[in-house]
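Have a look at these structures, which come just after this line.
One chain, subunit A, links the two complexes that follow: it is found with subunit B in the first and with subunit C in the second.
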Partner chain A sequence: MALAQSFALGPILGRFAPGVSRRVWGLAAFVVVAIVAVLILPFFAPNDPFHSQFLHRLQPPGLDYPLGTDAMGRCVFSRLLYGARLTTLSALLVVALAAGFGSAVGCLTGMCGGFIDRVVMRFCEGVSVLPALAICMIISGVLGLGLQAVIIALAAVHWTDYARVMRNVVMVERGKTYVTAAEALGVPGHRIAMRHILPNIAAPLLTLGTYSLSWVILSFAGLSFLGLGVEPGTPEWGRMIAESRSHLREYPRLVLAPGLTIVGFVIAINMLGDVIGDRFRDTRASYFHPKD
Partner chain B sequence: MAYRLWVRLTHALALIVFISVAGFALLRLMPGDFVEILLLSQMDGTLPDASQVARFAEANGLNDPLPVQYFRWLGALFQGDMGISLVTRAPVIDDIVLRIGKSMTLAVAGMGLALLIAIPAGILCALYPGGRIDRVCTTMTVIGMSIPNFWYALLLALLFSLVLGWLPSSGHGTLAHAVLPTLVIATSIAGVLARYIRSSLLEELTEPYIRTARAKGLGKIRTLLHHGVPNVVPGVLTLTGLQFARVFDGMIIVETLFAWPGIGRFLVESLLNRDYPAIQGCFLVIATAYILVNLAVDVAISIYDPRAREIV
Partner chain C sequence: MKTRNKILTGLVLAVAVAVGSFFAVRNLMPAATVDAETAPVVASEPKTLVVGTMWEALPLSIQPRRSRFFNESEILDTLVKLDYDLNPVPGLALSWDRVSPTVWHFNLRDGVTFHDGSAFDADAAKYALERVIALLPYAADLLNISKITVIDAKTLEIETTEPFAALPNQLSDAITVMYGKASFDADGQFVSPVGTGPWKFVEYIAQDRTIVERFDGYWGDKPVLDRIEYRYIPDHNSRTLALEAGEVDFVDNLLPSDVARLSADEKFNVYSKPIAGLYYGAINAGDKSVLNDVRLRRAVNALIDRNTVVAGALDGIGEPAWQFFAPQFDWAPKVTPHAFDVEAASALLTDAGYEKIDGTWQKDGAPLTLRILSYSSRTEMPAITEVMATLLKQQGIATDVQMYTWEGMLDFVKRGEYDISVVFWTPEMTGHPDLHLKSQFHSKAGLNQQFWVNAEFDQLVDTGRTLDAGAERDATYGRALEILQQDAPIIPLVHKVYVAASAKDVAGFRVHPSGFFYDFKNVSR
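Moving on, here comes the complex of A and B:
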C-alpha cells in the first residue's frame, strides 16, 4: 500500500535535514502522501459536480451516477469527491494557521516563563473552555461569513490548544540534559531551539495536528451546515446535508451519503493519529536502542 | 473564610469585563463602516452620503474616543439597552428575553438527561472495569466523537418522526417537541461525562480509605456508593460546568434543526441576516451565561465540600 511505503521515504528525506530524526520524516512523508491522495480525488469524479440536469434529478444509484443524483440533478458521488478536497484544504489551512501561531506563542512563553507565561496561559485556558462553535460563528459572522472568515475564525479559536501543548512540551524539553549540553557547548539559543528542541517536539506536534484536523473537519461541516462559510450549491459535505434536508423522508440516501463520508473521513484521520502516536512511541524507544 | 470562592468570583468578574470589551469591539471590528451600516438600515437601504454619516455620528457621539464610547455603551447595557435590531427594528433585549427561557429549559434538560445517563453508566463501568458495559461505553464514546451532531440529529428525526411517527420533527410547545432536541444534546456529552466519572472513581478506589472500608466488611457496591462516589462529586461538578460549552454549541445546531425558538436559532438567523446588534447581544448573553453557570458550580462545590472553603 502506498501509504505504508511512504514511511520508507523517511531515511531519504532525512539526508536533507540531518537534525530531524528519520522516523519523524517518515511520518511527515506518510501524512503528505495521504493528503495528496485526498487532493487528487476530484480527478476520479465521473461527472461535473456543479452541472445540474433537471431531467436527471433524484436518480437512484446506477452506472452513470454511482450514488445517484440530488434534487438539482447533480451527481452525488462527484460532489462528495470534490467536497473531500475542499474540506481537506480548508481544514489543513486552519490547522496550519493555528499550529503555526499557537506553537510560536507556546514556545515563546515556554522559553520566557514568569509573568508573561502565566498571563498568556490563563488567556489560552479561558479561550479553550468557551463554547467553541458559538465563538467561531460570531467571529466569522463579524468577518463576513465567507470561507475565508470561517477559516480565520476556526484558527482564532483553535490556536490556544497548540499554545498550551507546545508550552508544556517546551517546558519539559528545556530541562533535559541534551539542551544543557548544547548550552554548555556554547550553541546560540535560536540554534538550540531549531536544531535540538524542534526535532524532538516535531512528533507530538504532528500527533496533535492529526487529532485537531478531525475536530476542525467536524466544526467546518457544522458551520457550513448552518449556512456559514461556503456559498449555497458548493459541493461541501455539511452544505450537501443541509440542502438535502427537505428530502429526508423520501430520499434519506442524500443525507446518509455525505454524513457517512464525514464519519468515515474523521475515523480515518483519528486512526492516522493513532498510527502516528504509535510511531512516536517508537521514536521514544529508539533513544535507548538506536537503530537509524 | 471562603477565600477560594472570592478568587473564583474575581476571576468571573474579570472574565465578564473581558467579554464586555470583546462584545463592544465586535461591532467596531467588522468590515465596513459601522455608522454607515446603522444608517443604511434606518433609511431603508438607500446609501447615506458622507454628510449624513458625519451628522449621525456627531449626534450619537460616535466620534468620541473609544473608551468614552465603551463606557457609554456599558451604561446603556446595564439599563437593558442592547441596541436596535437592524432587521426587526425592535430592541435586541426584547428578542433575547423572549428566547432565553426556552434555551435555558433545553440546556438544563439536556444536561440533566446527560447526567442521568452518565452517572449510572460511569459507576457501572467503574464497578466492572474491562467488562461488557465498560467496553460498550468506550465504543459509544469513540464513535460519538467522530459523528457530526447535526447529522446524528437528522438521523434521529428520520427514525423517530418520519419512519416511526412517534415524535414531532420540529416546533415547540408540548413535551413531545422537547424529546428529540434534549436527546441530541444529552447524548453528545453523556459519553465524556461517563468516561470522566469512571476514571475518577477508579482512581479514588486505589485510596487507603477504600481499603479500610472493604477491610471492615463493607460490600463492593456499598463501598463505592458511600465512600467512593461522594469524593468524586466535586470533580464531576466542575466538568459538568465546563461541558455547558458543549451544550451551548449543541443548542445552536439543535434549535436550528428542530425549529426551537431559542437563543441559538436567533444567533444563526442574526448571522445570516448580518444583524450586528443582535449578534452582539447573543454573544454577551451566551458568554455571560456560561461564566455564571461555572461560577454557580464553584459555589455549589464550596457548599458541598468543606475542603474547598479553605484558604488557599
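Moving on, here comes the complex of A and C:
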C-alpha cells in the first residue's frame, strides 16, 4: 500500500520538531497524503463527469471512456473519481464530528462516573439498539434534503459508538497505577484526563476511527442509494448504483463499477485500520511517553 | 466487533447482488421451462392467472377512496364503460338520454346481480353514486351531480348543476364504480368490495396479494379463467425476474431496458401500446417563479428535445410529447405542436431581457436558474427529470433538481416554492377533454397548483363541458388547447407507452388505452 509508505516521512519530519514523537509525524503525514490523493483524483478524470452525451449513452468501456458511459451518456470512470472525493470528504467529516463529540462525552462520563455515567450510557445504549440507517433516514427526512442533512444524521447516530468505547477505555486507564500515582501527587482531575489518560487512549480511538470510516462510507452510499443526501446527477457512488438499477440486467457493469469501488475502498480502509492498530498497540506507552 | 459485522454484511450483500444479477436469469429460466413442461395437467385444478403488479392492488388500506383497482380488475362495474377507442359504451347502463340540458336518464341493464345475490337496480345505483360523492371530495367536481332520482327500477335520473355533456364519459371514471350495499357494514364502514363485475373479491393480504375468482352470475360474457392472483412486486427488476422464473404469468410496467430483451425471447409475449398518460413539467406561473413570464415558459418548451428525453430516460419506450393530448386520440382537437427550436428560444429569452454569457443565460449578472422538483416513487420520474434538467443545462439554463416523495413535493408545490414540477397524469383516461383541463388547469380548480390564470381558457373549458360532441365542441376545446400550447403552463415531455409481458401460453390480452383496465375476461391459458 503506497499510502502506508507515508509513515516513513515521520522520522524525517521529526527532525524539525524534536519535541513531538516521530510516529505522530508519520501519522500526520499519512493523513495529509491520503487526503491530497483523494482531492487530486478528479484531475485524472478523462472526461467531464457531469456532461451528458446522449448520443454516446451506454457505451462499452474503451479508450475514450475507460469504464464506458451510463444511461445519460456520462463517463463512468470520471464519475467514480469525482465520487471518491465527495464520499471520502463527507465520510471524514462525519467521523470527525462523531469522534469529537462521542469521545468528549465518553471521556467525561468515564472520568465522572456515577449518576452522569449511568444516564449517558443508558442513552447511548438506547441509540445503539435502534437500527442506525433507519434513524438516519428519519433524521435526514426531518432536516430535509441535502448533503448536510445526511452528514448530521450519520454523525448523530454514530457518536454513541465513540462515547461507549472511550468511556470504557477511560475507566480501564483510570484504574491503572500511573493514574493513581498522579492522583496521589495531588494532580487535579482535568489535568489527569488531558495529560495522562488522553494520550494513552489515542490508539483505540484511531482504530475505531478507521473502522467507523468504512461504516460511514457504506451508510453514506446506502442513504444516497435510497435517494437521500446528494441531488440527482451528483457523481456519488451509492447514487450511481441507484441510477443504474434500471439497467442492471443489460449493463451490470454500471452497478458493478461503483459497487466494487465501494467494496474495495472499504476493505482498504479496514486494512489500514489493522495496520494502524498494530503499529500503535505494541509500543503504545513508549511511543507517547518516550522518557517513561 | 459491531462495525466489522456491518462491514462484512455489507460486503456479502454487495457481492451477492453482483453475482446474483449475473446468474439469476441463467439459473432460474431452465427451472421455469422444466416446470411448464413436466407439470401434470389436472382437470380439477382451477385455471389461475398470476399477475405481478407495480402498485399494491389495494393500496395502503382496503379503502374505496384509494383504489382504482376495483374497476381495473372488474370486481366492480361502472355505469358506462369505454371501448378500445375510448368511446363510451354500455356498462351497467344500457343507454342514456339527455332529456334536458341538465337532466340525464340512464336506462339500466336488466337481470344484473351483485356478488352477494342482491339485485342491481336504480336504487342500488343511486346508493353507490351518493356514497362515492360523499367519500371523495373531488367526485362532486368531476360529476357535477346535483340530484339523483329513481324514476323506476330500471331508470335513473341524474340532474347536473349546469349543462354537462361530459357526464357519460365521466361516469366511466374508476371512482364511480357501483358498490353493492354489502360492501359496507352496518355503521357504513367499508369492508370489502361487493360488485357486479365478472370477478368477485376473495382475499386481500396487505403488501402481498389480492385474489379474485370468476363470478358465474356475471351479466356479460363469462371469464375463461377461474381465478386471478394480483401479486404486489414493486421492484421492476424483481417483477420481471418473477415472470422469467415462472412465478407469475403476467407483469405490467416493464423496465424500458427489459422490453427489447423480453421481445426477443420466444418464451414471452410482450404487449406495447401508446395509452392515456403524459409525463409533463408543470410550470409555476405564479409570482414566486421567473416562469410567470410567458416568454420564458415558451423558451423552456422550445429548448427541450423530447426525442432525447424518450431515448435518454426511457430507452425509447414512450412517444415524444409536443402537445397535451396524445395525437392518436381522435376526439382531442388538433393543435400546433411545440418544436425543438433553439433559435426561437434564444429570441424569446433575449426579448425577456436575458443575455447568454459564457454559455449561460443571465440577467443582471444572475444566471437563470430553475428549481425542478419531482418524486421518486414512480421509477421513471427521476430519469425523466434528470434528462430534462440536463437538456436545459446544455442550453445554458442552470437547474436545481430535487427529488421528494409525492407528498413532500406537493408541500413545496402548494406553497409555490418551485419553478417546474415533473409529474405524470392520465388526462385522456375518460375519453373526454373535460377531465384534466377542468380539474387541473382551470383557475378555480382545487388541483391547480400552478398559479396559472387565463380567463379565456377558463371560459372555454366551462363552455366545452356543456356542449355535445360536434364541431362547436371541437372548436371550443381546440381553442383551449391552443392556449395551453401558446401560454405554455406546462412542458409536455412524454406520452406514455404501456408495456406488459406474459408467459407464451397466456392468450387474449389487449392493452386498454385508458391505462386503468386489465380486461382479463377474455384472457385464457
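What we mean here is this: the second predicted complex is superposed on the first by the 250 of 292 C-alpha atoms of A that agree within 3 Å, B and C clash if a C-alpha of one lies under 4 Å from a C-alpha of the other, contacts with A are read in each partner's own complex, and residues count from 1 in each chain.
Going forward, a residue touches a chain if its C-beta (ideal position, glycine included) is under 8 Å from a C-beta of that chain, and two chains touch if they have at least 3 such contacts.
Since the structure is predicted, the reported quantities are computational estimates derived from the model, not experimental observations.
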{"item": "Partners on subunit A (subunit B, subunit C) - clash or fit", "value": "clash"}
{"item": "Contacts of A:Leu143 with subunit B and subunit C, given as first, second, both or neither", "value": "first"}
{"item": "Touched partner set for A:His247, first subunit B, second subunit C, both or neither", "value": "second"}
{"item": "Contacts of A:Gly100 with subunit B and subunit C, given as first, second, both or neither", "value": "neither"}
{"item": "First, second, both or neither for A:Pro131, with subunit B first and subunit C second", "value": "first"}
{"item": "Touched partner set for A:Gly73, first subunit B, second subunit C, both or neither", "value": "second"}
{"item": "Subunit B versus subunit C as contact partner of A:Ser52, first or second or both or neither", "value": "second"}
{"item": "Touching partner for A:Glu231 - first (subunit B), second (subunit C), both, neither", "value": "second"}
{"item": "Subunit B versus subunit C as contact partner of A:Gly189, first or second or both or neither", "value": "neither"}
{"item": "From 164-172, 200-208, 236-244 or 290-298, the subunit B stretch with C-alpha clashes against subunit C", "value": "164-172"}
{"item": "Contact residues of subunit A, present in both the subunit B and the subunit C interface", "value": "145, 214, 218, 227, 245, 248-249, 252, 255, 259, 262-263, 266-267, 270"}
{"item": "Touching residues on subunit C, where the partner in the complex is subunit A", "value": "1-4, 6-7, 10-11, 14-15, 17-18, 21-22, 25, 236-237, 240, 255-258, 261, 308, 311-313, 315, 376, 379, 382-383, 385-387, 389-390, 394, 400-404"}
{"item": "Parts of subunit A lying in touch with subunit C, wherever the complex brings them together", "value": "52, 54, 57, 71-73, 145, 161, 208, 211-212, 214-215, 218, 227, 231-233, 243, 245-252, 255-256, 259-260, 262-263, 266-267, 270"}
{"item": "Partner subunit B, residues of subunit A touching it in the complex", "value": "126, 129-134, 137-138, 141-145, 214, 218, 221-222, 225-228, 238, 241, 245, 248-249, 252, 255, 258-259, 262-263, 266-267, 270"}
{"item": "Subunit B residues touching subunit A - in the complex, by the definition given at the top", "value": "15, 18, 26-27, 29-31, 145-151, 154-155, 157-158, 162, 242, 244-246, 248-249, 252-253, 256, 264, 267-268, 270-272, 274, 276, 279, 282-283, 286-287, 290"}
